[in-house]
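There are two complexes below, and they share subunit A, which is joined by subunit B in the first and by subunit C in the second.
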Partner chain A sequence: MTVGQSVNRKEGRDKVTGAAKYVDDYHFQDIWYGKTVRSTVAHAQITGIEFLAGFDWSTVVLADYRDITSRNIVALIYDDQPLLAESLVRHVYEPILLIAAPTKELAELAAKHVHITYKKLPAVLTIEDSLSAEQKIFGDDNVFKSYTVTRGNVEDAFQSAEVVVEETYHVGHQEQLYIETNGIIATAKSDGTILIQGSMQCPYYVHRAIKELFGLPDEKVVVVQNVTGGGFGGKEEFPSVVAGHAALLAKKCGHPVKIVYERGEDFVASTKRHPAVIRHRTGLTRDGRLIAAEIDLTFDGGAYCTLSPVVLSRGVIHALGPYKCPNIRVTGKVVATNTPPNGAFRGFGVPQACFASEMHMENISRKLDISPVELRRKNMLHQGDYTLTGQQLTYSVGTQQVLDAVLERSDYLARRSHKQPELSNKRYGIGLSFYYHGGGFTGSGEEKIKGQAAVELTAEGTVRILTASTEIGQGTRTIFSQIVAQELGLRPEDVEFEENDTSKVPDSGPTVASRTCMVVGRVVQMAAASLKEEMAKRIASLAQCQASEIQFEGRHLLWQKDGEIISVSFAEAAERCMSRTGFLKTTAQYSSPPGIKWDDVTYSGDAYPVYAYAADVVEVEVDMDTFEVKILKVTTATDVGKAINPTLAEGQIEGGTVQALGYGLFEEVAWKDGKILNNRLTNYIIPTSLDIPDMETVLIENPYPYGPYGAKGIGELPMDGGAPALVAAIADAVGAVVTEIPATPERIMEAMEKLAVEA
Partner chain B sequence: MNKVYSPKELSEAFQILNSYQPLKIVAGGTDLMVGYNSGMPVPDQLLNLWKLDELRHIDEYPSLLKIGALCTYTQLIKDERVRKYAPTLVDAAKTIGAMQIQNRGTLGGNIVNASPAGDCLPVLAAFDAVIEIGSVRGLRQVPFTDFYTGYRQTVLAEDEMVTNILLPKQKTEESAKFYKVGTRAAQAISKVMMSVRASIDAQKCVKEIAIAVGSVAPTVIRTRLTEMAIRGLIIDESLIATARKEMMEEVRPITDIRSNEHYRRTVSGNLIAKFLRENYLA
Partner chain C sequence: MAIKIVVNGQDLEVSVSPMKRLLDVLRQDCYLTGTKEGCGEGECGACSVLVDGEVINSCLVPVCQVEGSEIVTVEGLAENGKLVPVQEAFIKYGAAQCGICIPGMLMAAQALLDSKELSKQTPTRYEIREAIAGNLCRCTGYMKIVDAIEAAALSTLEKK
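After this line comes the complex of A and B, so read on.
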């Protein structure tokens, strides 16, 4: 049994020893370096571009939007974002001009000699300004996309509510801060093929973007993922921009062109998590049963649409949390502002929604004087219940198990009644969050993608996986090799991978949406099962036995003949299977579990095939002199379906939780006139190892019948619940509820002052 | 091309300072290199002090320690005499960056960089340190509290450099504390810092007190009005309240990307209250 074992990370040795080659480790003799000249204003007409004297312009190659032969777009959902600005800039840092030079220094120097003049236009910099639509920057109302989901009769239900609790919550930007910054090398071949290699999550997204940009057929664009140092959504759609820039320069200058951002540029140029304002109005019975809810979410999309409609959609669907409420209306919109476009980030709209919904539960529990645990128990979803989109949950619903487990393991009830130390000016607090996250694409998404993967026998008699799912640190290669090894009776080390190259691997769909294990893992499992079936068939015809009698075990194929066990090694069997055809390869394609129904128009039905559930308990100590928060302990319990590799699953949960705690406590982008003031690791504050305490991670396995061995997607889930549990713990310690994150000492102090004034 | 001078003798460094202006002095480079990497223009001529072992000594005298300007934070943290006679300087040094920065950053660099958020500076101010300055013209001494003339401005002439720091020893009857409020547990630049040194007798009377604050004014400052409001009085709730109020009035904080004025003012008040409260309870 290899599934369920914490086998070593497949690429771990190469990464630890430095043998792994990232894009910046590739050096070609004739390579040139690309540099991007960006807007310095938030909204303006470009009135002129001057190339200043004092620089020898013959030593570099320039490119602007006029060099784009097909469509000046970053192809995604609305195709509203130009690869390079034409006459108008819509945000600071918008790319305007590209420079290629034989050295990085020369490209930098050239950029310093470009002077762009602007006629400034009024800029829309906040959600409030955008909603007022005094300045129209997108359509008539500045709204990229809106959704409404309704169930029951909300107005009548509010009439009968005994208590109504209303509050507004604010969350800001968050930067993904993958350890390796964005980087691409583009080569324009003499036959017109464009070759892209670099750091990315979704090679086929880049493939499509480059095709659109140059009007090329599929086979004329080849995209190869290099070893990638983290993504977290930040390399979902954004690498298409860098790849477009590098390709444009490579075509024009005739050299391969490398663009690798420095941290400061990556920080300002790349997408971030959407800021949001979320209002909750909830009607309850006096004993704490939800009977009516109105939730309104407004997300700041930035200057271009990118993936905002999809991010918002996930936020809307998760807006209530894993609770029952018969009468509910959720409205959501994502608006345009003259700030850099926001995009995918682990959690994808849910961390915003979850912070608001779980802090609202905290506020309700305070207002009704009901314990946070009791409030959750009264309203949580169980098997057979319906979600806000009308989806009946029929399997793998671990709600009660995760709550029970986290309470027991953290000793929550005893610790909540813990007495405060009398002499010290520090206060202890404990907070709870309870949440869920749908795995895979929303609604009919997976049906549209039809993700594929293949497995084949190698000449050495082992197995190779062909998939476009990328390894970005989360363990794709390890778990896929475990799944295939399990199917075929092999060891994970007997399984290798085809290079992640769009000319070699099928489109498995993007590496996003907590779908890699649950959806693509399932497809890989199906492909391996087909390979097994085909091998059994071929061997059976040679051995003159029934295919169904052949067992795959311990790197051997076994069957009985005349009461005797016959055994052939897998490698030998593979050789025999390929003796006639020379190869054996099986491909599988995803299909949704039976009975899944989704209506895109009414936004109702089965939003996701399954949800993963979790609960967090965070304990803190707040210094009442400085309002600094020390996180003492974090306990999480997660219903993962099945942990293919428990260590990697725990790693995902711990890592996501750390990001969530950073989101809740520290991470804040500082802005002035549309410019970012803290684009460095010294002033954009993320947690260090000293800020993060011991974590206890409980895995609960409540199998999902249509996932590989029961596994559900958990890549994003751990990002959702850390912030509200943390802020609830702070509220428990200091008595005041902070409704805006990060809950900095400054905000905690203000919340306490406000509470003192009200008292 | 940039010219980097790396003298091995102090006298040679003075000569270079006298002859090759303009010149930027590098005493470790933990602030300068970050600046240069993020686009600050690199001067044509640099004077690298790293090879001046003469400035790496720590000498003990009856009432003070003489600390060479090139002593690293790691050196201060490990030195038995500094640990014994200037424990708050050790506390401050430990909060700077992480191990790599502590191995390379120097006390002299911290002083001359002249940031109001320099972590060791409140300790030097609270202990009335004296700065020894050298040049071809000889040595002179300036009280640390007179060393800064404005935001990022010092009394150093173009041809001068800091050579040693004379730091009075903490006396056995004195109680001292260093507080740093940063943005996270490590690798943090301060929002508020306070260094306090006091003599408090058995009756809880504050015989003598010196308080210095950082990150809450254009330079590190001594809060002498607050000191006066405390000095000679017995610690009680009323004195704690007075000290808090005086401190909040005396600091001159601003709002920047790390924090805001209101928070810095409030926490400055809270920290002096904390010092008095803890000594009262002690």
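After this line comes the complex of A and C, so read on.
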């Protein structure tokens, strides 16, 4: 059995010896460097671009929107974002002009000699301004997309509610802050082919974006993913922008062009998590049963649509959390502002929704004086229950198990009844969150994409996987090799990978949405199963036995003949299988589990094939003089379906949880007139090893019948629950619920003052 | 200007501007791209290397300041392809995810393991956390990194 074992990371050795090559580690003889000149104002007409004297302009090459030969767009959902601004800029940092030069320094120097003049227009900088639609910047109402999901009869149910609890929650931007900044190298070949290599999650997104820009057919664009130093969604759609810029310059200057952002530029130029305002109004029975709910979410999309409609859709579907409520209406909007576009970030709309819904549970438990645990137990989804989209949960529902496990492992009940030390300015607090996350694309997404993957025999008698799913640190290569090895009776080290190159690997769909293991892993497993079948057939015809009698075990194929066991090594069998055709390759394609139904119009049905569930307990100590928060301990329990590789699964959970704690406690983007004030690691603070205590990570396996060996997607789930558990712990310590994150000392103080006034 | 440095045990002479960042000299002039840049201002530790046994951020140091010094980068840890205990432990404990912080993290860890106090006892988990506090990792949440360093410390001590 290799599935279920914590085998070593496939590329681990390269990563600990410095051998792994990231995009900035590539150097070509004649390479040039690209630099982007960006808008300095939030909303304006461009009135002129001046190239100042004092710089020798013949030493560099310039490109602007007029150099784009087909469509000036970053192809995604609405195609509203230009690759380079034409006459109008819609946010600060919007790219306007590109410069290529033989050295980075020269490109930088040239950029300092460009002067752009603007005629300023009124800028819409907040959700409130956008909603007022006084200044229209998108359509008639500034709304990119809205959704309504309704179940039951909400108005009547509120009539019969014994208690109504209402509150509004706010969350701000969060930067992905992968430690490797965005980087691409583009080469324009003499036959018109454009070659892109670099840091990215989704080579086929970049492939499509480049085709659209230059009007090229599939085969004229080749995109190769290099070792990627973290993505977290930040390298889902954004690398299309960098690649477009590099490609444009490469075409124009005739050299390969490298663009690797410095941290400060990456921070301001790239997408972030959507800020949101989320209002909950909930009707309950006095003993704490949810009977009516109204939830309204407004997300700030920024200046262009990017992936906002899908981010919002996931937020809307997860708005209630893993609870049942027979009468509910969820409304959601994502609006345009003159701020840099927001986009994909691990969790994809759920961390916002989950913070609001879990803090609302905290508020309800206080108002009704019911313990947070009892409130959850009363309302949680169980197998057979219906979610807010009317999806009946028929398998792999680990709600009760994760809650029980986290309470037990953290000793929550005993610790919650602690006594505060007298005469100390420190207060202890413990908080709980309980949450879920749908795996794979929302609704009919996976059916539309139909992700593919293939496996083939190699000349050396091993197996190679062909997939566009990228390794970005989460362990794609390791778990895929385990899955294939398991199917074929091999060891993970007998499985290799085709280079992640769009001219060589099929489109498995993007590496996003917690879908790599659960969805593409399943496709890889199916491809391996057909390879096995085909090999068995070919060997059976040579050996004159039944294909079904052939076993794949211990790197051998085994069967019985005349009472004797015959065995050939896998390598030898592979050679025999390929003797006539020279190769053997099998491809598989995703199809939804049976019975899955989704209606895009009414937004009802099976929103996801399955959900993963988790519960967190966070313990803190709050200094009552400074309101500084120290995290003492974190315990998580996660229903993963099946851990293909427990160490890697824990790594996902621990890493995601720490990002979530950062979101809840420190990470905040400061703005002025549409500009970011803290685009550096000195002033945008992410958790260090000293900010985070040891964690206990409990894995619970509740197999999903249609995932590989039962696995569910857990890439994003751990990003959802850390912030609310942390803020609930702060509330337990100080007695007041902070409704806006990050929970800075100022916000904790405000929450306490508000509470004092109310009392 | 020709500047002499010892990198991973090799005597080198590089002709560069004396103010060129050690990070760039290593990556561009010594072709050692294992050392990474994450911020360029001393905050992330991706560029950590050892200079005469001390961990420093090579993005902050002009090469002239380390003239004559012994510099060890991630490429200099393993000897003839044999990984040192901390590298082995990083693999075994799943401490590397995307890997971009790992070269710097390993140098900070190695400096801790090399420190004199460690000849008597293994560091506490808190001491390990302190030793890597200047090295940001966005992927792992640090648990597996601390586990790996702890295990490497134990095996190093056992060997002593």
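Just so it is clear, the second predicted complex is superposed on the first by the 759 of 759 C-alpha atoms of A that agree within 3 Å, B and C clash if a C-alpha of one lies under 4 Å from a C-alpha of the other, contacts with A are read in each partner's own complex, and residues count from 1 in each chain.
Keep this in mind: contacts are C-beta pairs under 8 Å (C-beta built on N, C-alpha and C of every residue); 3 or more make two chains touch, one makes a residue touch a chain.
The model shown is predicted, which means the values in this text are computed figures rather than measured ones.
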Three-chain arrangement built on subunit A, subunit B and subunit C clash or fit: fit
Partner chain in contact with A:18 - subunit B first, subunit C second, else both or neither: second
First (subunit B), second (subunit C), both or neither touched by A:682: both
Touched partner set for A:163, first subunit B, second subunit C, both or neither: neither
Contacts of A:9 with subunit B and subunit C, given as first, second, both or neither: second
Partner contacting more residues of subunit A (subunit B vs subunit C): C
First, second, both or neither for A:178, with subunit B first and subunit C second: second
Contacts of A:659 with subunit B and subunit C, given as first, second, both or neither: second
Partner chain(s) touched by A:131 [first = subunit B, second = subunit C, both, neither]: neither
Subunit B versus subunit C as contact partner of A:571, first or second or both or neither: neither
First, second, both or neither for A:627, with subunit B first and subunit C second: first
Shortest span in Å between Cα atoms of subunit B and of subunit C, once chain A is used as the common reference: 5
Residues of subunit A that lie at the interface with subunit B and also at the interface with subunit C: 680, 682, 687-688, 690
Subunit A - residues contacting subunit B, complex: 264, 423, 425, 625-628, 630, 666, 670, 677-678, 680, 682-683, 685, 687-688, 690-691, 745-746, 749
Contact set on subunit A toward subunit C in their complex: 6, 8-9, 11-22, 24-25, 27, 176-181, 227-232, 262-263, 472-475, 647-648, 650-651, 654-659, 680-682, 686-690, 692, 694-695, 697
For the subunit B and subunit A complex, residues of the former touching the latter: 34, 38, 181, 183-189, 191-192, 257-260, 262-263, 266-267, 270-271, 273-274, 277, 281
Subunit A-touching residues of subunit C, taken from the complex the two chains share: 27-28, 32-41, 43-44, 46, 73-75, 77-78, 83, 87, 90-94, 96-103, 106, 125, 128-130, 132-146
